[in-house]
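Which chain is which? They are A, B and C, in the order written, and residues in each are numbered from 1.
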Amino acid sequence: MAGIFIFSEDRALAAQLLTPALELKAALGEPLTVLALDAAQATELSTLGADKVLVVGDSATWIEGLGEPLAALVAHASVVLVGGTLRGKHLAADVAARLKTGMTTDAKAVRIAGGKLVATRILYAGLAVCDEELPLPAVVTIRARTFLAPTTTTAAAPIEQAVAKADARVTVESVTPTSTAGVDITAASRLIAVGRGFRAKDDLKLAEDLGKVLGAELACTRGIAEDEHWLPIERYIGISGQTVKPELYLAVGLSGQVQHMVGCRESKTIVAINNDERSPIFEAADYGIVGDLYEVLPLLTAALRK
Amino acid sequence: MANENEDKFDAIVVGAGPAGSACAYTLAKAGRNVLLLERGNSAGSKNVSGGRLYTYALELVEEGLYQRAPLQRKIVREQIMMLGAESAMTVDYFNPAFGGNDAEKKAAQSYSVVRASLDEWFAGEAETAGAILASGQVVDGLIEENGKIVGIKVGEDEMRADLVVAADGVNSLLGQKAGLFPDASSHAVGVGVKETIELPDSVINARFGVTDAEGAARVAIGCTDGISGGAFMYTNKGSLSLGIVFNADQAGKQKRHIQDIFQDFKMHPAIQALIEGGTSVEYGAHLVPENGYDSIPKRLYRDGFLVVGDAAQFGINTGLIIRGMDLAIVSGLAAAKAALKTTSPADLGPEYMRQLDELLLMANQKAYRNFHHIFEINRIFHGYPELANDALQFLFTVDGKVPTPMLKGLLNTVRKHASYGQLAADGWKAFRAL
Amino acid sequence: MPNCLVCYKWTLDEQDIKIKSEDLSLDSSRAKGKISDFDRNAIEEAALLVEKLGGAVAALSYGTAAVKQSLKDVLSRGPEKSYWVADASAEQADATVTATVLAAAIRKIGPFDLILLGEGSSDLFNQQTAPRLAALLGLPCLSFVNKLEVEGDVVKATRKLDDSVEVVTVKTPVVISVLSEINKPRIPSLKQVLSAAKKPNQELTVADLGLTPEDLAPKAVRKSVKGFVMQRKNIIFKETAAAANVAKLKESLASLGLS
């Protein structure tokens, strides 16, 4: 039983995976199976083009521990697409190892060529892109919002149970959801990203004031969130943070290292404010001001307020 | 844990520039137990230099050593540019003899070099010869006992040695800590900026009139906003090194930033034509010892302690030639030779000075002793380059109008830039300096 | 007293890799090697554990001939011994090959109570090696760990995930991948650097490990590697008067409907 399988514990992402999966189905002419975590997810995904839905666990399962049973379920698959959450990536790598097969992490695009799977991905934190060519079977992880979920619904596919038991050696003591202050910066159409050019937490007010005038949310570099804790971690952009594609990305006092830029380089317009003309951010910007943010931001806020 | 005795070396050399590596290499080759310390994450990673090395220095260290070095191109063309506002006059001196002779294994007189690879190579040679190289280590103090320097400090760690060699560059912290000289005062040093621009070899060859293995060294004056100093340009393999070195004191008084002056230099039409289409891959600024012999501190040693290279302010800058790396290597060698020759600590310093004489380093420094006074003639940097350009413009202009008589025209041009009195005074100064 | 192994990768420093404008190929001729960023955290965590609990730390790396350059660096960061596999296959290796080689090496030099890795390597950032290695060795795996406590044979780890923080416990032996927040890697002191020169290291060849050419052939083959260049307008305002720049930026934003 060859076939294409998808799995993600993240519901929105699971739906998004159906878009590339349906393209692969067309290219390979093989059935598409959704591995769902629970009945609710199964019902939701059953009308988006899949041929079959298997319910493999329940939402209380330790996802990462499902490697062994999932590998058995997809033993004859051609392609397994897994949602690129951290849990998903752990699980996918485990499954790939059990299948003794190749895996592409965080593919941007997938296609079939010459009987192989070709996945586009980044290298060196975004400095370069490449195509990875994998013989089938192949495992691929795809991050959220790489694809849009299918918009056309189909007749509901049959739903079956396939009990999968997680690795019992690991005991989950507690799971604490990270408090997101209610803002999803990936949805914002305008962002002001702040970096280490700000000397103190209070100074972020300069960016907030501008944000109010522009209708923009605050984002930041890794150091501002992870080291300084001036902003919550879900606001930092980059390879290990969020990926965003706003209309306007205004980068203030940040140098524009590749690990950061890879998370925002698909923004429509990038504007930079930095006092060092040689800073790499200016190469990545549509517009820029070379100047001290402490002088420029208040002026810009005042100018735009008029 | 290592016991205390294991932490003692015959010599600790601080700084893996050309001076330090030459010294460590020579000592290690002679079987001495040497520790070479470098603050950069690798040797050469923090160093800024124009990039022309006179080969004789490596030959002194070891015959044929240069053949292993990552050298770029043999310099066979010496070029001098005088820049006008938009125009330029270039003198091009070609001499194949400067290129040495491969068949006879005769080295070229000088080569262009890239410091990142040269320094890494040289420190690597020292390591292969048996020295221990530790990079990422900033020496921040000396250990002194009974008036003798007996070791160094790196943060919490102390390390002892019979000899400490300060090869830590122009702003030598160790020389200051040893009390041998006060802070290098700013009139004694020049500031330099340097950029590496990548271009295909075919383009470099065409623009500078050289072949793949051969290269040109070019100096330019009239590009420093009237500050005494000049620009240089060397051809490497696949890249050009270009930069400006000038008087730090005068530059400090100018309102304009050194980077802006350098930017203007690069935008000069005659220079732009040489670098066009290239990509900048490296940029840095650094100090240079500039006053030659008179800047060299009176004492370059203490018991258990020698100062070499830029740290000792060795340097020759004639405006046409910038020398520092060769003198650094020779002085590093002199220090090693002195250590190998003497047994009593008291003899070491005097022997080092003797070696510097024997290797002709001091004689070279003395020969150029007064040369820097030429830089006091400010019109060299602002006035005369324009004069030369105007004179050529006068000579070469044909526009159908009645020309001014030749002599009168030339004299008018001269007077526009300097009075006869100034000319006479400058001539006298130059004569004295030479 | 845990017996620890840290797996680290010797990678090129991406900051010195240039993109050639002619054909967008990568020029790494100026790039030096470094211990992959997050692996420094893994090494530090193992060193801290052993400083606290006793036990031992060894290090293991698979790379090209260049991997030898890493020995001094890694040994100055805490491990008492390092093992290295130098083979040309590492140049093109994917996570399948890497995990296979590491697992074979561990079978030979192990067993270990704790096997620590980085979250992802700074060049490939596959984030696969730890779970794959665990699967091959039949061990449990705790990934993305930012806090680690070991008591006897019980390991308690805090994992930081996309939308939650999870605390898990497991009994050794276990494979663990760490995040960079877990600690701040030390800058080796001079004494540590000098002592590294005296520590033992051992080469393991792919033949020693019984690996076949097939084991060393990547499943994921990287093709058409191209530098990523952004096409941006690069209109930079740099007058000395900030107000003039602000006025021009305001105009530009207005023209895009963004003011």
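In this text, a residue touches a chain if its C-beta (ideal position, glycine included) is under 8 Å from a C-beta of that chain, and two chains touch if they have at least 3 such contacts.
Since the model is a prediction, treat every value here as computed from it, not as a measurement.
J.: Which chain has its C-alpha centroid at the greatest distance from the C-alpha centroid of chain C?
T.: B
J.: Which chain lies at the heart of the structure, taking centres as C-alpha averages?
T.: Checking distances from each chain centre to the full centroid gives C.
J.: Can you give the whole-Å distance between the Cα centres of chain B and chain C?
T.: Result: the chain centres lie 39 Å from each other.
J.: Measure off the straight-line distance from the CA centroid of chain A to the CA centroid of chain C, and report it in whole Å.
T.: That gives a centre separation of 21 Å.
J.: Could you please state the distance in Å, as a whole number, between where the Cα atoms of chain A are centred and where those of chain B are centred?
T.: Chain A and chain B have C-alpha centres separated by 51 Å.
J.: Provide the residue numbers of chain C that touch chain B in the complex, in ascending order.
T.: Interface residues on the chain C side: 18, 21, 30, 32, 187-191, 193-195, 197-198.
J.: Quick one: in the complex, what on chain C touches chain A?
T.: Within the complex, chain C touches chain A at residues 14, 17, 19, 26, 94-96, 99, 122-136, 140-144, 156, 161-171, 180-181, 218-228, 230, 232-238, 242-243, 245-247, 249-250, 252-253, 256, 258-259.
J.: Across the complex, what residues on chain B touch chain C?
T.: Within the complex, chain B contacts chain C at residues 2, 7, 35, 37, 41-42, 116, 132, 134, 136-137, 154-157, 159, 279, 281.
J.: Mind listing the chain A positions that touch chain C in their complex?
T.: It is residues 10, 62, 64, 67, 85-87, 89-94, 96-98, 100-105, 118, 122-135, 138, 167, 169-178, 180, 190, 214, 226, 239, 247-248, 258, 261, 265, 269-271, 277, 282-292, 295-296, 299-300, 303-304 of chain A that touch chain C.
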